[in-house]
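Let me begin by handing over the structure; questions about it come next.
Naming follows writing order (A, B, C and D), and every chain is counted from residue 1.
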Amino acid sequence: VDLAALEASARERLSEATYSYIAGGADDELTLADNVAAWSRYRLRPHVLRDVSTVDLTTSLLGTPMSSPIQVAPTAYHRLVHPDGEAATAKAAAAAGSVFTLSTVSTVSIEDVAKAVPEGRHWFQLYVHSDRDLTIWLVQRAEAAGFSALVLTVDTPVIGRRRRDGATGFSLPPGIEPANLIGFREGRTESTNLVDFAATAFDPSLTVDAIGWLREHTRLPIVVKGVLRGDDAAACVAAGASAVQVSNHGGRQLDGVLATADALAEVAAAVGDRAEVYVDGGIRRGSDVLRALALGARSVFVGRPVLWGLANNGADGARAVLTDLAAETARAFQLAGVRSCAEAGSDLVS
Amino acid sequence: VDLAALEASARERLSEATYSYIAGGADDELTLADNVAAWSRYRLRPHVLRDVSTVDLTTSLLGTPMSSPIQVAPTAYHRLVHPDGEAATAKAAAAAGSVFTLSTVSTVSIEDVAKAVPEGRHWFQLYVHSDRDLTIWLVQRAEAAGFSALVLTVDTPVIGRRRRDGATGFSLPPGIEPANLIGFREGRTESTNLVDFAATAFDPSLTVDAIGWLREHTRLPIVVKGVLRGDDAAACVAAGASAVQVSNHGGRQLDGVLATADALAEVAAAVGDRAEVYVDGGIRRGSDVLRALALGARSVFVGRPVLWGLANNGADGARAVLTDLAAETARAFQLAGVRSCAEAGSDLVS
Amino acid sequence: VDLAALEASARERLSEATYSYIAGGADDELTLADNVAAWSRYRLRPHVLRDVSTVDLTTSLLGTPMSSPIQVAPTAYHRLVHPDGEAATAKAAAAAGSVFTLSTVSTVSIEDVAKAVPEGRHWFQLYVHSDRDLTIWLVQRAEAAGFSALVLTVDTPVIGRRRRDGATGFSLPPGIEPANLIGFREGRTESTNLVDFAATAFDPSLTVDAIGWLREHTRLPIVVKGVLRGDDAAACVAAGASAVQVSNHGGRQLDGVLATADALAEVAAAVGDRAEVYVDGGIRRGSDVLRALALGARSVFVGRPVLWGLANNGADGARAVLTDLAAETARAFQLAGVRSCAEAGSDLVS
Amino acid sequence: VDLAALEASARERLSEATYSYIAGGADDELTLADNVAAWSRYRLRPHVLRDVSTVDLTTSLLGTPMSSPIQVAPTAYHRLVHPDGEAATAKAAAAAGSVFTLSTVSTVSIEDVAKAVPEGRHWFQLYVHSDRDLTIWLVQRAEAAGFSALVLTVDTPVIGRRRRDGATGFSLPPGIEPANLIGFREGRTESTNLVDFAATAFDPSLTVDAIGWLREHTRLPIVVKGVLRGDDAAACVAAGASAVQVSNHGGRQLDGVLATADALAEVAAAVGDRAEVYVDGGIRRGSDVLRALALGARSVFVGRPVLWGLANNGADGARAVLTDLAAETARAFQLAGVRSCAEAGSDLVS
């Protein structure tokens, strides 16, 4: 899979508004571009003459064994790119042995994803909404549906300005709506416009206490997503987070922030072994996965490329992105003399 | 407001000579470009999980509360871009709750600005001229008209070479003239050409003693504008400046000098809390305002973008630039976990 | 010789598949480009007023005097670019007084090269294959044919992904085959596709012990090629390597690794005088040779440019590349005030 | 004077071969480009509020007062660009109050320059040739003609490879010849091809002893030109040089060497006040002159721009380049708060 070709092909299949909604970032898209470019700035320092006849990509996330350190990041509205929507993506992730993170604003509901892919390992991405009952309602449904972790997004007290959406007039077409929000207190959640939803439903007053509050309402481990600093990461862990995901929301929130590659080492050092550290943003190659592990991540999460695969060929297309990236990662491991995720140490990058 | 689109639109409305006069810089325009680029080099390190439900952009300048840290920098000849000239810009600033700094070479006089916008907070930009009586005459008029501070420009002992003006043959068209200079000693100030005016009227012999001299002739606080070094800033404060404005005259004086973003931290450190520190140059986004505050500025001043707004839509256009930039700044604050100007610390940039 | 023009001319003579096979690198070709660019980042600090009336380019490799520090790196399939194949290249190297390194996957056999160019100093590049008997068989033939060193490639536990080859559908045309592999255990080595060969024959389980094993099976000195780290280099020397060649396989294995120029000083420092250190990758000018020596290499090895010369004009073309590069190196020595390879110290680069 | 426009205009008046001979550099022209770019990398840190009503550009070179720190560097064959040749350039320098450095390979002889411009301050650039008598003959003629210093070029033990000259087939047209070489030992110096001349006449065996040897044969002070390192500079001074000129021969000798801007501070620190330090290479603006002084040069020398002026308008054109550059320098001084060459300290650049 050539990801650039895959994206070009997906672009042809999608409307300009949908393509731009997925591909774009905030404001001048400096961080969007830097997320990708930053990984390459870390030059690899490969070992030779290690026995790499078997390379073990397996890892564990939150105590559960996974087949590779590559998982699916939460992204919105999969039915925009393929009629099967998140059911297909979840199937792809399960086939690849990866975690699938379902977005709160998915176009297939929690329950339908669980039903369609009972074999999958699903995590649920959520916000702590101003209306806490909405959050609790979603949490309980995710628990009931067998989801195994909650991914709390914390970089969205307000929504970033995405100029492409203004230019294209992006909005959800008829028949595509945030499936998880239907049915909660009539009249509250009927808006299908993410910006409106965010403006009414996100809670900008959130503090680190929200983690403790959420812990009281769930038995699931909590991943805090959207952290770019060591001090914030340490505070999240102290408040009960089981993992911290270094993320800048794919460059879609505050433009000009650090690339996630550049934030990762500081966060990993601050967290130590008290929690797990993940990263998303700009991962496009197996060598990027290796770099992320060397810089301190336990796992990477991939967003846009999975959608390009989904757009091109549904579940099979999305699965191919994941398995090809895993194959690339295995080859990068071999060529760098690394036999397991644990061996991907910081001396591998300069 | 998309500032690039706004500038393009303004360019269509203006003559090439006028557009170039405003947009251009000195010599090879290295500093002109670097002023803008430098802000982006400071990557933001945002906090998450702060209660940003209310973000307070208010600050105080020279003891007076202001609604935001965004003010209007002095620029010349506003009637070149809109018939209402500085009266419109002053109205825009007042509507946005910003300081309006009137240039000595404005095309609406001190008194007419005061009359047109009595509700505004106006500062007066001035030079200490070779003919000190001219300076005193202007100071007295500004005081009488209710202006509340003097902004002494110190980076203009001689005028920079602006090649675009030579190429376009820029000169003031009939009917547009420096309104403040009319009537001072017949025959002395009738030139409407800024370069001629500068050559005859600027005082290249000025030293830091000019600050003390000016203090003796005014009850208004003095802002020294055009400082790029800590030692100079400290000397200005020691001589009685109430504030120092880090500026390189929009890249229009000595080409190749430091971008103001790169000079700011040194100046802020040298001044400490003995005076206020402002900055202008290249501020184009709310995230730039946040960076400036993080690097030690109490407030930023915006020049060219306000003129592009004025050119497009008079007072309303200029106001929209200011209020949109303030809204962007508020969003940048929220997305960086910053609740007030005071919270914008140096750890937010790297 | 203008190498850019030479490559352009060679490109016209070759099929796109063959040209791309030679010119290309792995994945995004970041390291391919950086190998060339990195040398220029080391600015030269030339001496003046040294007596450079005679400049001595001679050096010794593994105890044998050589006429210059420029040798021929192993590359595959020379008959793809010229009917005389490796016999012509070996002749060119001998004429230039350079070592010729014959690839295991040459299209002229060990014995035929020795027969065609008895006067040459030939080294044999090899892998330690999964089937150790194949390696021993090749070693014995190289010894018998009078080759004087073995170059053990260690950066190829698996083959890198070269996207150009996928795009062009590169494969060996009829009549061109790895000559050295014919005749070893019928049915084992008949594949003429390098990737297939690699997949079946390379040994990814190789460790540094392979060096000791190889020493037991040969009286020839061993050069370990493909090292980018000081710790690996030291381990190779401790295991019995007589020399270490800093190489990233011309950017064809793990993309994103350090340019060889950037890895050289660390390797040279780690090895000290316990073994010789060579480098290949991106050497295109006499000044690059000087830089390599200043950074700690005893000799450089050149790959692609020799093939461009071979494509253009057979043995004469390849020889001209070597002698012109030596002449350029001599001039660079003179202009830097360097009279011998020993004088090319680390203070010459910054 | 806009130097880019001046060069473009000169290019139209000259043959491609002549233009390229002057404009070009060695090999890949990396140093040629970096010489210009490097100055801009030193950002200026201007002072304000200094009394710059009078700015004093005067300096002294080798004890003689000069009107500015801008002098004319030696360049070859001025009659290629204007029929009056070096006589015109010398006149321009004299009119501007600058030193004129006459090249050994000038197209107007030592004596004719002296006769044409008796009021000028002329220096003579020379080599120590293999045939020392040739050097002595030239030195004696320069002394007799009233030249006041010798500029010994030491970066030319052999000639650099200038690819443009090969491409254009540059050679001296009939009637244009190195005037100073005519008449020395019939049959020795009749070649008018600089490369041939260099190959037969330059002395690559030169060491620092040549400075002592030259001192014994002249009463004139010696400027050693072509030094890029502190240790070499110190050795030249110890051997009797009165000044050291930091130069890389306009990027025409060893490509890839340091830009002169980047070599200057080290040389100045090594020389201290034991000799004077000059610099040439890439000076294109008054702000570059200021940077050079801040980095430790006593004076700058300008080459190509003077030839573009000469090509456009003879002596007047060349003079305009010098006086305009001096005017720019005066303005840069004023805008940086610098009142004299002595005040241009190292704190002005970062």
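The working rule: a contact is a pair of C-beta atoms (placed from the backbone, for glycine too) under 8 Å apart; a residue touches a chain by one contact, two chains touch by 3 or more.
Fair warning: this is a prediction, and the values are worked out from it, not measured in the lab.
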Shared chain contacts [chain B and chain D, defined touch]: none
Suppose you list every residue number at the chain A-chain B interface; are over half of them used by both chains (same) or under half (different)? different
Considering only mean CA positions as chain centres, point out the chain farthest from chain D. A
Rounded to the nearest Å, the gap between Cα centres of chain C and chain D is 43
Computed distance of Cα centres, chain D from chain A, in Å: 61
Contact pairs between chains, per stated definition: A-B, A-C, B-D, C-D
Using the touch definition from the top, list the residues of chain C that touch chain D in their complex. 2, 40, 43-53, 285, 287, 291, 328, 331-332, 334-337, 350
Of chain A, residues touching chain B in the complex: 27-28, 30, 154-155, 157-158, 160-161, 163, 203-208, 210-211, 226-229, 232, 235-236, 253-259, 262-263
